[in-house]
């Protein structure tokens, strides 16, 4: 039982801190024979990389991944794959002035209360930098999925920033890669740019909601009753830094519906069962229906802001703090590739699990 | 790796179906020396028991728990505890007419697609009846917590039913046990009774939001970065039947806040750190702060309603269905004790984990 | 992580004590669609059942297994299978006189030192009675193996009792079921009967070596480097009560060989690779070769004997003890079906794991 | 579930191949506050390092360990510790001539049959080089044990090489570090040197038996019934390359004893229970007694020898092979520090587990 691991058969253990020599992911259980190289993983890492535009932290990290094990002649061998990213822009001097203060909204105080150690260098293990390891592992998972089930596509995007929500009627898949916020709505992207620019200049921050969709997932994935597909997705997303809520399909709004409104009626289509709607988010009883798997998660506003706030020191004295580091006004932006990566890992894991438990998708309708 | 298990050191495996001979929970890792008997567990089970009032299913189950192992002379021995509940009111004839039809919104179709077996008896393993096993395990967890940390109190209640929300200003802990909905607001309880009565008579159903709070939890519980306290809570709640969303503290609304509004400032109180607010829901970086641990989850409306809906048969023919069984108009009501039980299991588990990982709470402030 | 569980995907959790109401096995991960009923499992349990002849304990237990969950209309459904055996002949009065004494060679003292609880009723959880649960689970595993790979045959037998060893030249598979010791050598069976009769009458006991062979196992099972087939087999056998040593293939004698003598040379046979010998016991680098998987384990002599021995009481006083219970002069005899059951569980588990990890046996030679 | 991991709370995942860029161990669950640096781990690695004398492989590896995460200001932080060792002397050309042949006694053929990939570079993941990662993790475990229970001492040594056994009457702890074989018998060390020199010159090899003892282990460690201390030790040792048998205490010889001879009688000593002998090897019912924990394991002779043997190619043709690599005539020598490392990891793991399960050692006698 590693508490820094997730996944059942596709098992990812991340390691490393914000300002240590390196961080990475030890990935066990990747199927053999998957074509993989460092460039393929780098592609995904580059999407999360800081300092790419003015809306994300100006920390400059190359985030270059190295594959240290588990491949031979360009394919996976079935043995553990070590993905390492060296920390190059550590600048630990930046953090010296908050050495003895706990930053409100950060895990500084709870890590100290738990472990008795204060790693003041940028949050240590609790830094969002840990998510680089997840994105690397997710890149590998995507390639393994592509090899096994090429129809599956996993896409994340932002649907809400602060009070601003996208217009669902203007939803456009092609817009997602066209703006720095991964917003599927051209008009929103433009408006949000102005809004965020204001926040950045004032040293404030704001929360966001990310939606991640997996299309082409076959029916039958998920392992009731505690390894359900939605259970594992909820855990995967809630484990991401700053996430405070997770929804599947209708999500929290399901509470407002009646049984009639929430019903996804079933009928036969040309290729099997189809549904009149997808309130369920593609999952019934923890098992995929074959519809799109749809989830959302809420990311709280970055806690590091330029407004003075009250806090205490390690020795228990009341004091104040301003966090001047290089931070993201909306950390939700960089959470998009992280959410995608976690979705990819969970989907692959359940594909392998299904094979191990059942062998093949056996229940054929019609 | 059992996919019907949850917990790290306090490990609960549930087993059994809606209409099999029995169901139960195999609990491994309960500390030795905890005073326990069947009546203590029955107390909690009775809260979830069906047929207690007109708002819950009229299936009549005694839900009597038997302890088959793991105790001696009234205390736990440190060995596995088997909690068994026999199914007495099985009436499988009720389900005969839907034998070949998949009920929309239920897991009938996905279980069949996964396993190739159609257990048409009330949903089989996917029935909410499985949660009786969770409540039994949660009762045991509560007693173990009481023995180790008597200040911890875990309470669940309903905060929303359909469009109706409680008035937070009228919040009254003492009201929770005074009405059949576990609502902490006397006026709401009364109004909701009328509303639900109407739903019941019309054969409809509605969703709900449940809040569960753990008071008295010490700082330092939780195991970053994938065994976080909130990660495990999210998984525990999402694994409950019909749950579609989980929130910690501010939850999905965190997306709407700015960093200034979301900040829980810290200052020294007489017994250690205190906070100006609890947007975090008592958890920072996956570790408890010592504040109340606060979560919410949304339960979708019961899918079994008296309105005709379209569906298909096992052989792939389009048809229609009305579900006439004995069902709950708001299954969220009975989800309250289930949510409490899951919270109790997770809290106990993390108390044991903390001891195993760290030994004692070492980081003392001040 | 349940410490009363074994197996990766085919996951068995045993529960129950010698003198509690019942004991059993919660089995998760059995593939769906396997034909199973209570009689099929009872068949294997009856082989381990006490009181069948004068060489095993005269405790009279019906050892009737009930399937409480996980099957429907005669086949497994893919959900947890609960196998329960009620304790009927508990006679706890037998044990009253040793209530405060620790029996040498038993786990009485260590369980007390660990848990602070003295369950004096026949060893409680540490009783060999726990192995009934293993045999029930093994019976289920055998049926699942039969459904997936009907060529696999798993057979255990005794090769040594005290100083007496079988004559390998007289080895006869057909003899195994013809004598109460599961000895594959007719002459040895006869001689050992006299020897054991003498031991029984004198109230002494003796150890034994059991060999278990799995024939027909395909190449490619096993999961390096810590879930190796031999690693899991060693753990499975060492976890059986009274086992003190485990060997794969050549075993401890491998230490005496030179590289030339130990080499299993490879050549092509009509159906693939063949080997000149099987010093490896069918496993190389933790993965099956396709040869017979061969293991042995040593069972220590029953610790309950009629000779007075020194011991201490719970309160720390020196005293003496004679154990007059109903015991086996050679507990190794009843360990044969237990070893077979563990082999069956491990083999099935690795068949499922292989499918989950690799999908199919991909490396074809020739 | 990582199949390249071992341990429950102190969880070690090893990664890396013989000829990849690096290998290492990802260690999760090390308690916080343990003083550690690279030199402390290097000390243990140097004992296993190849090329130290003429009896071990002449492959020249610096085996320098780097700590990439999990420590801050010289102490562990409670987060994952990454121990990396770069491969410097890879010389993969050495292996070119056996590229398409399977080496008898090696895992070449089974890895290919399982994974469909032939990593011909020195055995890839199945190489004994993987054990360097174990020794690094074991070094960390030793320091953590020292911090928690300074009285525990873990020592391994060779007791048999081929037909030669040590003289138990000449046993001398101080001799172990005085000879290249870790033999606790000065006369044997001298004689074995000549014997091994002959083997080396003739290009042959021989097996060995290693004994590992843990002194000062408190009573109460071990987690019945499938996480027993001896179960975990058996798995740990059997997972080491080339190991074919594992014994606890009396081991396989327990089969030859009667109940009277095998009894370890109990009496009260000045500091608690004492025993007249230690046939049990310090473990009863899977839980430590407080006596020395004693185990042995047999290592088969190195399969790479200079004698021509029959084998086959990937394409299924019969052929012959001589393995000319840089190999150990008795790989058992370098297995001594590996066995010690595994013992250290298992003991630490069970110390943490005990704390998590029970809290403190509660059963006090007297």
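Of note:
Each chain carries a letter (A, B, C and D) given by its place in the written order, and its residues are counted from 1.
Keep in mind that, in the parts below, contacts are C-beta pairs under 8 Å (C-beta built on N, C-alpha and C of every residue); 3 or more make two chains touch, one makes a residue touch a chain.
Remember, it's a predicted structure, so these values are computed and weren't measured experimentally.
Chains that touch both chain B and chain D are the following: A, C.
For the pairs A-C and A-D, the larger set of C-beta contacts lies at A-D.
With centres computed as the average of Cα coordinates, no chain lies farther from chain B than D.
With centres defined as mean CA coordinates, chain D is found 26 Å away from chain C. The centroid of the Cα atoms in chain A and the matching centroid in chain C are 45 Å apart.
Averaged Cα coordinates give chain A a centre that lies 39 Å from the centre of chain D. In chain A, the residues that reach two or more other chains under the touch definition are 1, 3-5, 8-9, 14, 29, 32-33, 78-79, 114-117, 125, 224, 353, 357-358, 362. Per the touch definition, chain B reaches chain D in the complex via residues 1, 9, 29, 31-33, 78-79, 148, 224, 352-353, 355-359, 362.
Considering their complex, residues 1-5, 8-9, 11, 13-17, 20-24, 26, 28-29, 32-33, 66, 68-70, 72, 75-82, 84, 114-117, 119, 121, 124-125 of chain D touch chain A. The touching residues of chain D, counted against chain C in their complex, run 1, 3-6, 8, 14, 102, 104-107, 109-118, 123, 125-126, 130, 160-163, 199, 204-209, 219-228, 230-235, 237-239, 241, 244-268, 272-273, 276, 279-281, 283-290, 296, 298-305, 307, 309-312, 314-318, 332, 353-354, 357-358, 361-366.
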